[in-house]
Every structure is written in C-alpha cells, then in structure tokens.
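Have a look at this one before I ask anything.
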Amino acid sequence: MTELPETILMIGVALVLGAVAMALLRLTLGPTVPDRVVALDKMTVSIVAFCGLATIWSGDAAFLDVALVLALVGFLATVALARFTERAVSRDAEREEDTQ
Amino acid sequence: MEPLLAITIGILVAAAVYLMLARNVLRFIFGLVLISNAANLTIFVAGGLTAGAPPLIPAGAEAPVDLVANALPQALVLTAIVIGFGLFAFALVLMFRAYTTLGTLYSDDMRVAEPRPEPKDAP
Amino acid sequence: MNSIILRVGTQYLSGMLLLFSLYMLIRGHNEPGGGFIGGLIGSTGFVLYAIACGTDEARRALRVMPQNIAMAGLGIALLAGIAAAAFGDALFTGQWLFINPTEDSKGIPLSTVLVFDIGVYLVVFGSIIALVFAMEEEI
Amino acid sequence: MNMALSNLLLAAAWAIFFGAFTWLSVISGLVIGFGVLWLLQPLHGGNARYFRRVVYWLKLIVLFLWELLVSSAQVLWDIVTPDHRSNPAIIDMPLDVKTDAGILLVTNLISLTPGTLSVDVSPDRKTLQLHVMFADDPDAVIRDLKGGMERWVIDAVEDVA
Amino acid sequence: MGNDAAHASARGNGIIGVVPVIIALSLFAWFLSLTPQLSDGGTVRWVWQWVPSLGISMSFLLDGLSLTFALLITGIGTCVFLYSNTYLAGHPQFNRFALFLTAFMLAMLGLVLADNMIGLFVFWELTTITSYLLIGFGHTTENGRRSALQALFVTGAGALALLAGFILMGFSMGTFELSEILAQGDALTKHAMYLPILILVLAGSFTKSAQFPFHFWLPNAMAAPTPVSAFLHSATMVKAGVYLMARLHPAMSGTDVWFWTLTVAGAFTAVFASILALRQTDLKQALAYTTLMALGTLTLFLGQSSGYAMTAFATFLVVHSLYKAALFLVVGCIDYSTGTRDADTLGQLGRVMPVTALAAGLVALSMAGFPPFLGFIGKELKYAGILAIGSEPLLFASALLLANALMFAIAGIVALRPFWLTQEGEYARAPKEAPWPMLVGPVLLAVLGTLFGVNPDLLQTTLIDPTVASLLGSIEDAKELKLWAGVNMPLILSIATVALGTVLYILHRGLRARLIAITTAAPNFDRGWDAFLNGLKGFAAWQTRVIQPGVLRIYIFATFATVLVAIAGTMALRNAWPAMPDLLAVEWQELGLALLIIAGAVLTVITSSRITAMAALGVVGIGVALIFIVYSAPDVAITQLLVETLVVVLVAVAMLRLPLLDREGRDHRPLDAVLAGAIGLSVTAVLLAVIETPIDRRLTDYFEVTSWPEAFGRNIVNVILVDFRALDTFGEIAVVVIAALSAYALLRMTDLGRDK
Amino acid sequence: MSWTLATPLVLPFLVAVLAFLTRSGPAGRWVSVAGNALLLVASIVLMTRVLDHGVVAAQMGGWGAPFGITLVADYLSAVMVVITAITSLAVSVYALTDVGGRKEHLGYHALFNVLIGGVVGAFLTGDLFNLYVWFEVMLISSFGLLVMGGTRAQIDGGVKYVTLNLISTILFLSGIGLIYGMTGTLNMADIARTLPQVENQGLVSVIAMMFMVAFGVKAAVFPLFFWLPAAYHTPAFSVSAVFAGLLTKVGVYALIRMFTLVFDGDVAFTHTVLLWVAALTMVTGVLGAAAQSDMRKILSFHIVSQIGYMIMGLALMTPLAIAGAVFYLVHHIVVKANLFLIAGVAERITGSTELSRIGGMYKSAPLLAVLFFVPAFSLAGFPPLSGFWAKYVLVAAAIEDSGWIIAAVALLVGLLTIFSMTKIWAEAFWKSHPEGTNPALSLMTQSERRHLLTPIAALATMTLVIGFYPEPFVTFAKDAAAQLLDPSAYMQAVLGVPS
Amino acid sequence: MSVLIAAALIILGSLLTLAAGVGILRLPDVFTRMHAATKVGTLGSGLIMAGVAVQFGEPAIVLRCVLIVFFLLLTAPIGAHMIGRAALRIGIEPWTPKKD
C-alpha cells in the first residue's frame, strides 16, 4: 500500500483540531447547558475522526480500537449529562445558574 | 514536545492546586481530577515520547522491528489512571455523603471532628 | 429514564458493549485491550442499562451483587498468582499450556496469565457497577 | 431468518471452495448464494418475504445514504452562509411504525438525515416530536418522512400483514 | 485531714498486712549480718549483665554508704509496715497500698545498692512512680491528685536531667559502672564535660531532695497517708538525692563549683525551711519543713571534704532518719486517736496516750539536741564540721545555729504541746492510746536514739566509719563520736542553740503570725507551680489553635506551601535549575493539543457553573487522551477515555443532589492563586530539569525482547501489566475493589449516631 | 525462599476475599482471626529466615531484578511484618466484639485485611512503584475503615484525612515518575545504584525533598500532620488502634528506607532538614496533646510527637540513632495500638472518652487500670518499660553525636508526655466518675471481656517483656541499623551483584 | 488509485468535521447546532473512516471501520435525542427568524 502524502494528513489534522477548538469555544460560551453538552458530544465525535487520521499516519491499526471504543462508549457521557440537565432543572435546583 | 508538555503540566498543576484550595470541596474534587491527569502525564513525559509507534510486536516478529514507544511508563500510567479513578470515585462519594450528612460542601463549616473552641478554652 | 428511544437503543447497545468487552479482554494480550479496558467497557454496558431502565432492572439482569463479582475477581486473580506454587515457581509466574501446537504457531494458549486478566476484568466490572448503582440509588 | 442463515452457509461454502476468505470470495458467495436460494424458492414453501426483505434493506440503506448526502448540503450551506435562512420549528409527526427496532430505526435515521431531528417519542409511541430546520411547510415535511423514511423502515423490519 | 485514718478499725489486714513486714524485717536482718564484712571499709559487689549491648548491667555494690542507707530503709520500713497495717486496717485499697509501699522500699534499696548508673536510674524512676502512686493514695481528692502530679513532675524533670548527666558521664568516662568511675580518682573533675555533667546530676539530686528552689513539692506530698510520709520523707526518697551526691562525692567533689553550689544551696535551704517550718500549725507540715532543713544540712556537709564534715554527714543522716521517722509516726498516732493534727488544737494527751508521749518526748529531746541523746552528738559534730569549712565558716555556722535553734523550737511544738499543754480545741473523737503495732515503731526508734547516744561507738563502728570510708576512701578519716568532747566551740554553740531555741519556742505564736504575713507577701513557689501549669496549658492551647485550627483549607494551604518550599527551596539551595528549553522547536499540532488541555484547565477554574466545570474536565481528559494517541499509547488512551466518561457519569449523578458551586459571589482568592502559580512553576522547572537527562530504556529493552518469546504476548503494555509487573496490577485491582466497597459502605451506612 | 516472602503478602488478601464472601454469617470474623493467626506464623517463619540468611529477596513472576518486582526482607522489613501480624491479630480478636454486624456485612473484614495486606506489601517490596501501589491499597482501605459507621464526626474527619492524603499520594506518584525519568528503573536497589551517576545531583536532592514531603504526610510530621488529629479519634476503636499502631509507621518506614538506601547522597542537607522536622514534630505534637481533654485526641497527638522521635533517629543517621529509631518503631506500634484498644474498653464502661465525663476506673476497674498503666507509662518513657529503652537509645545517640539541642528537646518532650499520660490517669482512673457510677469491667459480658481484654493483656505483656529483657531487641535493632547504614548486603541480595 | 480516493475521502471528511464545528459555533440555538453536530459531524468522521478503510483495504481493518461508523450512526442520534428532549423539557424555546 502506498503512503498518503503527509500534507493531506496534516491538513486533515488541522481541520479536525479546528473543529475541536470551535466546539471548545461553544462549550465555553454556552449559553445553555444543552449547548455545552452538544459541544462535548461533538468533541468526542471529532476524536474518532482524529483516531482515523492517527491510524493512517502511524500505519498502525491500534488507534482504530481507540476510535471503536469511543464510538461505542462516548455517548454515555452525553446521556448522563443530558439526564442531569433534565432532572436538575425539573428538580428546579438551578435554572438561575447552570442554564444561563 | 517534552518542554511544552512540562509547561502544560505546570499549568494543570497550578489550576488543580487553586481548585483544591477552594472552600467548596467539590472544587477539590475537580482539582483532584486535574492533578491526577498531571501526575499521569508527568510519568508519561518522564518516560520519553515516541510518536506513531505503539509498543506492539507485529505478527511474525519476535520483537519490535524498529523503535517503538516506551512501554513501561504506559503500563505505569495505566495503573495510575485506574488507581486514580478508584480514589476519585471514593472522594466524590465522600463529599456527596458529607453534604447529605453535614449539610454543607464548605469545608470551613465542617467542624464536627474538631469543633470550634469555646471561649472558656482560651487561656 | 423514561425515554423509549434510549431504552430501545440500550437493548442493542448494552449487549454489544458486553460482547465487545469480552472481545477486548481476550485479544488484550496481543493487541490493545485487556482486563482493565474490557472491564471498563463491560461496566459501561450495565451503567447504560441502569441509566436507561433504572437500577432495579439492571440489578435483576445482573443477578449477582456486583461487589461479590468484584471480590470473586480479586480471588481469581490471586489464585492465578498462587497457582505458580504448584509448579514450584514464584508468585505470579505465568503458567502456559498450548493446545495442538504446530511448527509455525504455538497453538491455542491457555494460561494463568489469562485467568489473571479475567480476574482483573471481573474486579473492574463489578466494582464500577457497584459504585454507579449505589450512587444511582442515592438520587 | 433461517433463510439468511442458509444464505450465509452457502456463502461460506462458496468461500471454502475457493479455499480463502477474501473479500471477493465472501461477497460473491453471498450474491451467488442469494441467487441460488431465489432459484430454489419453491423448496422453502415459496415464501418470498426473505427476498423482499433483503431488497428493502438494500433500498433503505441506499436511499438513506442518498438523503444523508443531499440534505447535508442544505445544512452546510446554512452553516457557511452568513445569514440563517433556515426556519426551524418543533413539529409532531404521527408514528405508524410499531416495533421497538422500527421506532429506533426511524428516529435515528430521521435524526441522521440533516434538517430533521427526532427530539422525543410520546409515551404512547403514537407521535414523534421533531425539530425541523426548514419548516416552511410542516405538512410537506411530515408527508415526505412518512412516505419516505418510515415507509422504507416498515418495509424493511416489520411484517406487513 | 484524717480521711485516710477514717477507715481504721482494730483488726489488721490479714496476711497481706504481714508479708511486707516479714520482707522488710528479713532484709534488715540480712544487711545487719553483712556489717562485719564492711566495718573495715570493704565492699561487696554483685553483677548481672542486663543490656550488655548498651553497656548496661544490673550490678550492685554494698559499701558503708549503701549499707547505712539499706539498714535505714529496711529498718524504718519494718516499723512503718507494722504501723500501717493497723493505721489503714480494713482500708478497701490496703492491698494496693501494701504493694506500692513494698515496691517502693525495694526500688529504694535498688537505688542505694546499684553500681551501674543506668541501673541506678531505673530504680530512681521506680521510686518516682511508686511514690506517685503512694502520694496519690487519696486519689479521689483534687488535692491528692495535684500533689502526686507535682511530686512526679518535679522529680521526673530532675530525673531526665539526671539521665542526660549519666549518659554524658558514661560516654565521657567510658563506663556506666560507678565503682569504675570512682576508681578513676579526679579524672571526672578534670574532664571537659565535668561542668555539664555536674549541673545535670545536681539538677536530679536537688529536685529529688527538694533543695531550694525545688522544695515546694515536698510539703504537698504530705497528702499521702502518714506512714508513707514517715517512710518517704525521713529515711528514704528525699534522701535519694543526698545519697546520689554522697555516692558521687569521691569523683566529683573538691572543685569550687561543687563546694559553693552544695554549701550555699544547702545552707539556704536549711534556714529557709526551718523558718517556714515554724509557720506551720499542722504538725505533719511542720515536720515536712524540718525534713527540708535536714536535707539542706546534709547537702551543706556534702559540699565539704573534711573528715569532720563527712562524719557529721554520716551521723546526722542516721540521727535525722531515726527521730524524723519516729515523729511522723507519733503524729500519725495523734491523728489516729484524735482526728486532728492541728498544733493549736492539741493538748493534754499525755495522760491518755502515755506511751506515745514517752516516745515523743525522747525523740524530741534527741531532735532538740539534748545530751545524752544521739541528736546531741549529731549537733556537736555538725558544729565541728561547719567550723572545718575552708571559707566563711562563721557565716555558715551562724546559719546552722539559727536552723538548729528553730529545730529546737519545732521539737517543742511537736512533742511538748500536744501532750503536756492545755488543749484549746475539740477532738473529733475521745482520744485513747494508739494500738501497740503503731507504738512499736516510735518507741523502738526512740530507744535506739537514746542507746546510740549513750554508747556512740556502737554506731561508729557499724555505720559511721564505713560510710566515711566510702566517702573519703579510708576509715581513718572518720572522727570519733563522743558525748563529752570537753568545753569547745561546738559546745558553746550548742548552748547558744538551746538558749535561742527556747526563746523562739516561747515566742513562736507571735513569730508565726509575722512569718505568715511575710511569706505570703514573698513569692510562693507552690502558687508558681499552678501558674506554670496554667501557662503550659495556655500555651499548648494557643499553639494547637494556631496549627490545628480545624479548617481544612488552612491544612491544604499549609501542605501545599510545604511542597512549594521543599521543591523551590531545594532547587535554589542546591542550584538544580534547568536550562531554558527551546520552545520554538514545538510543532503547531502539538501546540494545539497543549492549548486544548490548558483551555480546559483554565475553564474549570474560572467557571462557576458545575456543568461547565464537568465538561471542561472532559475536555482536559480528551486532550490528555489525544496526547496518549499521538505518542503511541493506545491502551492508555482507551483507558483514559473510558475513565473520563465514567468520571463524568459519576459526577453527573452526584451533582443531582449537590448544591451550586458558589454561595456568595464568584470564587476569587489571590493568595491561593499565588501559591498555585508558584507550585505550577516549580513543577515545570523540575520536569524540565528531569527531561534534560536522556531516558535510560534498559528495562523496556528487556521487556521488548522477552515479551513474545518468554511471555507469549505481543502487546507489551499488557504483558507488563499481567506478567512482568502482575503484582502491581494485583494491588491496583485491590484498590479498585476496596474503593467500591468503601464507597458502597459510605453510602449505605446510616449514621449509627454515636456522637453527641 | 520466594514463598517465604510471598506468603505474608498473599495471606491477608486471601483472607479478605474469603471473609467478604462469607460476610453474611459469623464465619467472616473467625476467618479473619484465623487468617491473622496464620499471618503471624508466616511472618515468624520469614523472621527466622532473615535471621539465618541476613537479607532475603525473591523475584515475583520469576522475572529477574531489576525487570520484575522484587520482594525483599532485611531485619527492618522482617520485624515490621512480624509486628504488623501481631497488631492485626490482636485487633482482629478485639474486633470480634468491637465491630458490629452491620459493618461486617458492609465488608469490614475485607477492608481490614486488605489494609494489612497493603501494610505488609509496603514493608516487603523492593520496587518503588510497587511501594506506591501498596500505599494506595492501604490508603483506600483506611478511607473505608475510617468512615465506616457514617457518624458526622467520621465524615468530617474523613474529608480532612482523605483530601490531605490524596495530595501526598499524587506527590509520591509524580516523584516516582521523575525518578524513573532520571534513572530509567523502579527497583529501589537499582535506583540506589544508578542515582549517584545522575550529573544534576541538585535535582536528586529536590526529588528527595518531594519524597520527604510525600512520606512526611503519611508519617504525620510537622507541618503535615493535620489529618491525623482531625480523624484518628472518630472511627471504631479497633480501627483507630490499627491506624495509630501501623499506618503512620509505614510512612516512617518509607522515610527510613528511602533516606538510608536511596537518598543518602546529600545527607548534610536532607538529614539536617529531617532533624528540624523531628524536633518540631515532637514539640508541636506533645503540646497538642497537652491541649486536649479527650482520651483519643490526646493519644492521637502523641502519635505525632512520638513520630518525631523516630525521625530524630533517622536524622542523626548514626548506628545507635538508627537502632533507636527501629526500636522506637517496634515499641510504639505495640504500645500505641494497645492504648487505643484500652480507650475503647474505657469508653464502653464509662460511656465516653471525654475526660471530664468519665472517671472512677482505678477504684472499680483495677485490672484495666493496670493494663493502662503499663503502656501509658511505657509511652512516657518510665523504666523499665519498653519506652524507656527506646528513648534512652535515641537520647544516648544524640548525646554521643553532640546533638545537645535535639537531646534536650527529646527529654523535655518526654517530660510533657508524662504530663499527658498522668492527665489521663488522674482524670479517667483516679478521679471518681462525675455521675458517681462505678464503671466496672463486669458491665460487659463474659465473651466481650474475653475478646476485648485478651489482646490488650497480650500487648501489655509484650511491653513488659521488651522492657525487662531488652537485650535481644536492642542487639536486633543495632543489627538492623547496621544493615540500613551499609546497603551493600541489601543490594547484593536484590541485584545479585556486589554494588 | 485507492490512495487518491482515500485522500479525497479524508479531506472531505475533515472538511465536514470542521463544518460541523463551524455550525456548532455559528448556528443560532441548541437545536440547530445539534443538527450540525449529529449528522454533519458523524458524516465527517464516517468519511474519514471510509478513507482509512480504502487506504488499508485489509479485511480486519475495513471491518473495524465499518463497525466504527455503525456505532457512530447508532449512538449519535440517541445522544442528540437525549439532549434535545432535555433542552425542550427545561423550556428552551427553538430559535425562529424574526419575521419582518
């Protein structure tokens, strides 16, 4: 198999990291809890992409396992946070704080 | 990369320490997560960094054909991560229980084991 | 959690997680994976179950007290280490048995090391479930 | 699903004839096995469900991927263009799909096709709450979904009595 | 005051009461049988190697000095045991009392017989403990406990100094055996460490023998039952200090420091104590102070090295023991039968308690120093000895004269008033003669005093000569004990003493009033003790409030501050700074990862929204995982991601019952920020310094070549975990299990509510 | 050979598993007792082996040093294991009455025995990272035991205990990472061999100080001991007894091990710091005790002050001083554990440990009075009890080394120790009970008395034996010190090559 | 040939990932942002995985890539659903353009 040009991969990495950065920005800005959760979820998915790039770059399939695990388990955090949001607010604990 | 990571770890530690010094023990927990990560990174960095070569022996080979990453620190970090998780989990539950039992997360108000001295104690 | 979508998704996902965790456990000695990772993944299966369907149902599905699973795992791991005594070796010396070895491959390996890893799996699996369930039941 | 099983067996046999589990051998095995089974249909009490089911599945997958690509463009466009020309709204869609698998499939596929997002299913499983990005004509959206995605899913996973 | 006598009843305490008497008596007999061997200044030594690795043995040396003490201890012990068997008849805690008193006697014997300094110290401390328990016999009263603690603390403090002195002496002289040290002549006085040794040893002796300014504990120790006082404060414990000084006299005396310290302290204590004695109305207290006076006098003589002084010391040692023990016992009898010891109340007991009165009379005459009693000889020798002092003899002589005169007066107060003068108060119960076991002691001692007075050389040959011999080396130095030494200076002084004493006795009530006025004005050491204790407690409380304030934040701050000092301080002191790294070599994607982590960390710090904090932690976790991915650690990355997920899940669950992060305002702590920043910096510095050294991969190299051939695994990390370092992994899973169990227990354990 | 070392380590975990799986019935507690009896046997076997062969070492997993994990026992390790077994046996018997069914069902015995396993592991391992692992095992099980019971005081104390110990743990872990970065090895003997070749020796001192702080927290030295007085008076008595006896000593052990074997390159600096730490620890601890009025709080602060003595021995670094430290370790574990056990009985019959609320035991519980008197006055350093010899050797070492100030401090602190011990004696035993009751041992049932008093009596007897016949213990301590000050035998045993 | 396809897939996937990031950042409310994250993001990662599969072509790797994509397609919508319903239940109103 012929190697992919390094530049292609680097562009890929740059774009993916850019996506992560934007998600991070959204995470910081909020404004609502679900916004932050979405941002975190997006990051997880981006890491899967990153693992794909790492796989090609290193030529080692080991990183696909990372992606596999993440694809399967990553959304658990999203679910937990989403449930927290829902319950916490339905308990009316903190509308005034976290959802701002 | 190592120097950059050294700085990153320093910042992680600083953030962690600041959080651990907070009144609210929940922030201590956050700090604990950060500082655990910092400690794990420390081991990882101290063991030397090798990019793109996981410590796996390819099928058919007796040993890694060319340079692969230092496996020992990885094993140590893995152990430390799991231990760290165990400690974190207990600490979290403890703080949780502290709130449900003592009614506060503010360490300044946790004065059951060491009550404030009454004035009569003063010399 | 009264979400049909989540509950139905969990039906498939938790099964897959358990299966996948075992896969990671078995292959762990030669490729990424092993007892820790396996155990962690397996536990997430039941964590998801508990989140989606409540701990009572999850406990019923598990049948055994998770802490017992964990302790048993510890015992298994320990026995895997003590087994070496029977062969006059030091504690935690791996004992290997290769079924129908051929000249090109060692054959199918059975080893105390694998047993140890299984112990690790059970410990991580049981402990995390015990923790999360107990926590879940507090809220 | 015993038909699927036999199909797999045939494929396996085919591959063994070749003495190698390569992509070529396995896939060709599946195709040829399918063909053989179709020929021998009468042998199996002449029920055509399996063959229809397989066709529907393929149809579902292909159409879904197509939907995915096409409507991604819409969202992309809205993302990259400075102004939001989208007109989002929450709309309720009546559900005909019954089985758990069906519901999951429908909701997920709807969510995955850009422009629509399944937010929640009512406890009675009768209505699906959707967030639609381009809800200029909600009824049209619902019509498309029911005629498209839901239809295909029902065909693929549920037995039409 | 008679609270300990209150339990009294005619019958004794059965076998328990008799055993100690037998022990003491047989020991006395045994020592008596040894006198012939020692009368010519010979010694008997017995050794058992106890802790040879530390040069510590159980070696006992019997010479004149120790024999004298041994006889006094066992002899008086016999009387006291006999006495107390009746005095405390039927007392519920008599068994303990007997045990403690016997233990004390044996410890005291060990002390005076021990030849190894550490052995001596062991017995020294045993007397401290046993006397603590004896003085605390009235443990239910605040005062009893206070006195016990005071005695223990003061003598204990001295003992620690003494221990240091002994160790120092042992290392300086190369042996812990006293006999070997004494054999080395003036080697010790010439040694560079002589002064510290002397100070430390004297600190021990003075506290034990209640020399000024450590005298205050002794009168309080009278809280003990009278027989205890009779024993401890006549012949035994308080004399331990005197014994030690006498024991070390050959090796340490002869220097100016020795002379002046002992002479001045002794003289001052003598006068000071006898004045205070005159103050007392409680007979027991009065006797206690006269004991101080006696101890002062003995110390005074030990300051000298003349034959007269030593003979005087030896004689007065015996004299005082005899009459003081007797008087204590007499006072005990009075207390026992009248229920009071108040000098002003007592009177007219002569007729109801004739035997007691007789004994008291004889003893008092000896104490006052009338011929033909031993006390007279003692007093003559004292004057002879004092006049032999090298410098300022007249000054010390007059001091001694005053002290003796006061003693004369006290003798009158104690032995004359209660029996023959008119009673001025009411008795608790109708007084009657004390039962015979309580009379044996006083009478016997009184008779001895008279006997030795009439026939001095009986005492001379058996005790005095050998004692002087062990002090000065040969019996030739001992001066002769005579009733009539012709008209000489001592005799004149004696007459002066009698005259002055009579005057004082007549005036003593008026004097007492004035003395009380003066002494209450003067600084009171007993009140000083309370001040000391309160000061100590106060300081302790203050210190504890400062360093253990019970506020977690302060603890954490202190801990981190220590970390900072340890790291940064050492880097500065040991100059371990790293070279400035070349940060331009960094590639942009690496920078990206670093910034991602940093951003997450910063966000966690600044946000006051818990969910943001949680998500930010997730970001850090993801960033770290990315680093693990980029630098080829798939297993670690997977574990990290899984753990981070579980962390988020757990926190998200816990949060549902936890309140908001900030109660009031934002969380802004400049000082903490400074500390945190400093620690972060020093961590970076250390890390930079560490990564300067290239990593040595010899362990990993081994794992790489053995992993597959010997451990049959291609995933080296996993092989390390389950094979090469399986023990680590085992411990680790134990941590995981126990963490789960602990957390579970914590959540399930409902408050058992055992705290108020 | 290897199993002589492995057995004492494996046993507690085996016991833990069995005790946990049988926790529903009364079997669990007896499993624990039997297991600890076996542990005692195993540890004595190990001790005899060590006495015969000097230092013994074994490679776990059969992987040679420095690649695999080494278990190694020299005199110090061996005696610590024996004393651990004795303490754990005593406490497990005591727990038969002291620990109720609820706690047992939540896994008390598992936690307790895993704790013991961690302690033994820490004493036996020759691998730095493995030492970290055992520290964590101890730490987490101590967390569980500390808060088991869930009283408000326990939770509060737990928060402080946990937070501060976690900080030290992280520091320890990072320190290991750095050491590995500098030496490329984890085997302590190998580190000791490699560290001198590091050119930045200043950095080595820095790492040494990091370890000093990390272990300093565990050992509860000034100014890092806050967690101890905050927590040790809160849990079940059997728990606080084993904590007081063992846990801090593991920190001291680690300090001794690291600062004799590994960090002996910059003694002039590190051990001077240690000396100051020792002095301040002694003083602050004993003053803290003087300020308390609760039996367990007094005893807790005394742990701190006594730790100072042991550190003093290490700091002086002379044969006699190290011997003193070793002797002190052994003596103190026995005495201190016993005092906490006695406090438990006192609380049982008087209803409290607060001195103002109790009393009268001298009159109505003379046996307990005797049993308290022995360890208490041993702690206060009265001859001829074990504490006297411990203090004597240390003071002698200080004087021999012309360490006048530290010697003076040691003696003075001894005096203040007398003060607190007699305070307990006077208040709890001499003084009459404020409510006029007569707290007698007969208030407990026959079996309760048997379970509670047997271990106390046994430990008190040990104190007396050490006190009256110290020679073998002193010679042993001296030999241990010799081994520690000349690690060549240790390294020979571990690495198989003369260093 | 396969290299070119792989390169194309990767660049495209990375671009979509970035686009998703931009969407997260720019779109007006949580629901619209979820649209971007859930599908555009998933699609992006999916394409990258396709690129990996093409690049390696080995059955084992291809299978893993397929699994990863499958898992992503299975979990991402569930996560999105959880967030969306939480958002609705805590009363976040969907953004609507100002009709003027």
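Labels A, B, C, D, E, F and G are assigned to the chains in the order they are written; within every chain, residues are numbered from 1.
By definition in this document, contacts are C-beta pairs under 8 Å (C-beta built on N, C-alpha and C of every residue); 3 or more make two chains touch, one makes a residue touch a chain.
Please read all numbers here as calculations on a predicted model, not as lab measurements.
Asker: Using the contact definition given at the top, which chains are in touch with both chain D and chain G?
Answerer: A chain counts here if it touches both chain D and chain G, which gives C.
Asker: Quick check on the contact network: minimum steps from chain B to chain D?
Answerer: Tracing touching chains, the least step count from chain B to chain D comes to 2.
Asker: More contacting C-beta pairs: A-E or C-G?
Answerer: A-E
Asker: What's the chain with its C-alpha centre farthest out from chain F?
Answerer: D
Asker: Return the distance between the CA-based centres of chain A and chain B, expressed in whole Å.
Answerer: 22
Asker: I'd like to verify one number: the distance from the centre of chain A to the centre of chain G, where each centre is the average of its C-alpha atoms, in whole angstrom.
Answerer: For chain A versus chain G, the centre distance works out to 10 Å.
Asker: Counting in whole Å, what is the centre-to-centre distance of chain B and chain G, each centre being its mean C-alpha position?
Answerer: 32
Asker: Mind checking the centre-to-centre distance between chain B and chain E? Centres are C-alpha means, answer in whole Å.
Answerer: That pair's centroid distance is 48 Å.
Asker: Which chain B residues touch at least two other chains?
Answerer: Within chain B, the residues that touch at least two other chains are 20, 25, 28, 38, 42, 44-48, 51-54, 56, 72, 78-79, 82-83, 86-87, 89-90, 93-97, 100-101, 107, 110-114.
Asker: For chain F, which residues are shared contacts with two or more other chains?
Answerer: In chain F, residues 13, 20, 60-61, 107, 110, 129, 133, 136, 140, 143-144, 147, 150, 152-153, 159-160, 163, 167, 174, 178, 181-182, 229-230 touch at least two other chains, as defined above.
Asker: Would you mind listing the residues of chain G that make contact with two or more other chains?
Answerer: 22, 34, 42, 71, 74-76, 78, 80-82, 84-85
Asker: Going by the touch rule stated at the top, which chains touch which?
Answerer: Per the contact definition above, the touching pairs are A-B, A-C, A-E, A-G, B-C, B-E, B-F, C-D, C-E, C-F, C-G, D-G, E-F.
Asker: Note which residues of chain A are touching chain E in the complex, please.
Answerer: Within the complex, chain A contacts chain E at residues 10, 13-14, 17, 20-21, 24, 27-28, 30, 33, 36-37, 39-40, 43-44, 47, 50-51, 54, 58, 60, 62-63, 65-66, 69-70, 73-74, 76-77, 80-81, 83-85, 87-88, 91, 93-94, 97-98, 100.
Asker: In the complex of these two chains, what residues of chain C are touching chain E?
Answerer: Within the complex, chain C contacts chain E at residues 28-37, 40-41, 43-44, 47, 51, 66-67, 70-71, 73-74, 77-78, 81, 91-92, 94, 96, 106, 109, 111, 113, 116-117, 119-120, 123-124, 126-128, 130-132, 134-139.
Asker: Which of the residues in chain G come into contact with chain D in the complex?
Answerer: 16, 19, 22-23, 26-29, 31-32, 34-36, 38-40, 42-43, 59, 62, 73-74, 76-78, 80-81, 84-85, 88, 94-97
Asker: Under the definition above, what is the set of chain C residues touching chain G in their complex?
Answerer: Spelled out, the residues of chain C in touch with chain G are 3, 5-6, 9, 12-13, 16.
Asker: Can you list the residues on chain F that touch chain C in the complex?
Answerer: These residues of chain F touch chain C: 2-3, 6, 9-10, 13-14, 16-18, 20-21, 58-62, 107, 110.
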